Amino acid sequence: MLTFCLTALLVLAMLLSLGWGAVSDTEVIGALLAVDGVSVRDRTIVWDIRLPRVLTGVLVGAALAVSGAIMQGLFRNPLADPGLVGVSAGAGFGAVLAIVLGASAPFWFQAMMGYYLVPLAAFFGGWITTLLLYSVATRNGRTSVATMLLAGIALAALTGALTGILVYYATDDELRDLTFWGLGSVAGANWQKFWSAAPLIIICLIAAPFLARSLNALALGEAAAGHLGIRVQAMKRIAILTVACSVGAAVAVTGGIGFVGIVVPHLLRLVQGPDHNRLLINSALLGAVMLLLADAISRTVIAPAEMPIGIITAVIGGPFFLWILMRNRSLVDL
Amino acid sequence: MELIARNISVRFGAAQILQNVDFTAKAGSFSAIIGPNGSGKTTLLRAMTGEIGHSGRVSINGQDTRETDADTLARQRAVLAQSTQLAFPFTVLEVVRLGLTAGVATGDPTDTADLPFKALARVGLEGFEGRFYAELSGGEKQRVQLARVLVQIWLPVLNAQPRWLFLDEPVSSLDIGHQLLVMQIAADYAKAGGGVISVMHDLNLTAMFAQNVMLLADGNCLASGKPSEVLTNATLSTAYGCSLAIKTAPTDGAPWLLPHAARLTEHRTTS
Amino acid sequence: MMIRIVPLIAACTAWPTISAAERYPTADAIVSVGGPITEIIYALGEENRIIARDTTSVFPDEVSDLPDVGYMRRLSAEGVLSVGPDLIIARSTSGPEEALDQLRGAAVPIVFVEDGFTPEAVLASVDTVGEALGVEEKADALIAKLTADFAELEQKRVGRDDPIRVLFALSIDGGRLNASGRGTGADGIITLAGGVNVMADTFEGYKLVNDEAVILAAPDVIIMMDGRGDHGGRAEEVLALPSVSLTSAGENEAFITIPGAALGFGPRTPQLASDLLTQLETLSDED
């Protein structure tokens, strides 16, 4: 029932996002249906700007929310964030490298990469740090999520320091670009970026619900889950892989967007309980809705300029995070 | 059908926890593992359930556990830990349903809808389905876990193969009434053809319910056999470092240990 | 996908707009991206044709009544399109590329104006903007005026044997100065005003400099931007720095501020450079 409502809500949000803005609704429908007489400008707005933006928002929101739910199940803690697996620190660092050193790269390289340089660097950066954290935390085939968390803190400090060094060498323009990247934006979404990230995210979204049974059992602890027939170490690998891929692809396209991964699953748990069979699917839907909502706010609040979407998710998510923390004082268990 | 553990040794770092321990349990009987703290009882249990690595061989119903995959093993045996954490606000019903993770507990898929309710009734928690697990008392939580474990291996014998119930100090946190309830459930499971293996602290309950007892001390087996053979002053004083008065219970003739008459022997001042 | 061919053809027919000679004399819904560009449009008297501007366009004051499409390096295609432009004039460092591509795809012509911190760059910008607006005569007039102004400035500069040594700092960070090397607007205006940027040989852009570098550079004057905060307080703070106190600037308490506009090279540059030159001369006369 909830799933049905969320799906309906998502469709509504998508239509509203598509139709909202300077181009009026009838023009949007005309552009979508390729009716004659729709101006090039309006057609471009709908097909080349709004549609990829809405679809990107849907996929990114879904990816972030589902990854958050998976991470919380894996760490057995409602405050776990997709970033814990290391992917955000690495993606951020990859972006810094690309932004600051990209201008010094050979010209043919820059021409070849075009504006894919930063997204690709972010994606691979996220991957490398996840692999690094995973190998640090895994011994004798057993992955310790607690070690992963602590190693992640060390890694964040390291990437922070390296970023600081690069920031020193950056020009003013590069510094601004970096700041804006860190704040996140769906505005830069076009069809090329969408198609480069979409297949990976979609595969991860399809794979995620298969983890539900294992995540439920894992709530009893790894030993009990093992006794119930779950292959715990294999399942952890798959979970981490799924999160790294989907979040890596999402962050590569939109930059850093926070809090969706924490807020969405938590809200859903309050309504539908913690059963992952429904939680994962509903998280994807609600995550998409939330991102479209945040995007709508980012387009409205200082129009015609746009506020980076990461600010909006932080303004909503930060206080919410604190509220969860205060409610769950007794529930912190690594 | 038996559960056979041969030459089990376990090391954690520099410490040798278990040294070439042999253990056999028969289906249809209740086997207890007793011993002082640090003797390796829980470690032995974990080795037999497949939770930790060990050298030696464990076979359940004739199959080596290391060559059995997790799903199949989960249909043959279930484990009740001493206590269980739960990370999220599941309801009691959802927790008990987790016992069905490995698949069907009986031969018949249509049974699964009812099983959680039957299991809760069995442990005396009828009507608790909608309650939140986190709000229950320690004893109630442990009984919910027992219900979950029962749901996992509901039929003591499935396809002519006995199923095995492992318990790790299952009643240590329960009041006397619930202690007896849980022990009786385990005993009934054994009587119906299943195998029950339990690590026990309480020697009297062991004497009451177990048909087979093994006494561990310092990672080695000190004695094993029937309760009346193992629970003697000679063996117990060596293991536990105190001399106990052992009587015979008037009701069933089982050994009956009286702590009142205990005397600490000199060589065990600390445990 | 048949539907996609139309925008493709439209984009192809828009191709000629990316060539050098681009005139849009009839454009009257212009989005101006970049402070200096906006100033040039106002200086040419064509401001009524502007429909929106970016965040860095702050002069003259009435420009803030126009809608703000965002920061110049972080434009949103939809935001810009929402004001219904028929021409965009932007600094060459505007971005991001994806947004510019989307704007081109929507068949909105974009004219880029090269950045620079020299008089030549200013004159070239006026030329480009004038051509884009289709008001070449007005542009030529403005160029002539600015050329004369720059020449006058050069006259004032000539004849100084020992140019004043200047250190420009954007800010103080943890007790260190964020100084300007070469290739910045500060460097450009210092040179135009007849000073020597002490950090020009050492690095490009803005960097936090350490104490020894400041002392070795031996500036006679420290310059910062006007603006937020108490001028007197900042002067004290800077002059109190140990490194500064060991320089000639520190000993003579030579600290001046200039308006932020001086760092962006546009039509007001000759005047602002001249003001700075006068300030520097006054200071050195006081020695």
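Couple of notes before you dig in:
Order of writing sets the labels: A, B and C. Residues in every chain begin at 1.
Simple rule for what comes next: a contact is a pair of C-beta atoms (placed from the backbone, for glycine too) under 8 Å apart; a residue touches a chain by one contact, two chains touch by 3 or more.
Note that the structure is a prediction, hence the values are computed from the model and not measured.
Contact analysis places A-C first among chain pairs (by count of C-beta pairs in contact).
Set against the C-alpha centre of chain B, every other chain centre is closer than that of C. Centrality annotation: A (chain centre taken as mean Cα position, compared with the mean over all protein Cα atoms).
Put simply, the C-alpha centre of chain B and that of chain C have 79 angstrom between them.
Note on chain placement: the centre of chain A and the centre of chain C lie 37 Å apart, centres being C-alpha means. Spacing of chain A relative to chain B, judged by their CA centroids, is 45 angstrom. Looking at the complex, you find that chain A touches chain B at residues 76-78, 213, 216-217, 219-221, 223-224, 226-231, 269, 273-275, 331, 333. Of all residues in chain C, those touching chain A in their complex are 2-4, 6-7, 10, 52, 55, 67-71, 73-74, 76-84, 93, 95-99, 101-102, 105-108, 204-208.
Those residues of chain A whose C-beta lies close enough to touch chain C in the complex are 21-22, 34, 40-41, 43-45, 47-50, 53, 114-115, 168, 171-173, 176-177, 180, 185, 187-190, 193, 299, 302-306. Only residues 46, 49-51, 70-71, 73-75, 77-79, 81, 84-91, 94-95, 98-99, 101-103, 152 of chain B touch chain A when the two sit together in their complex.
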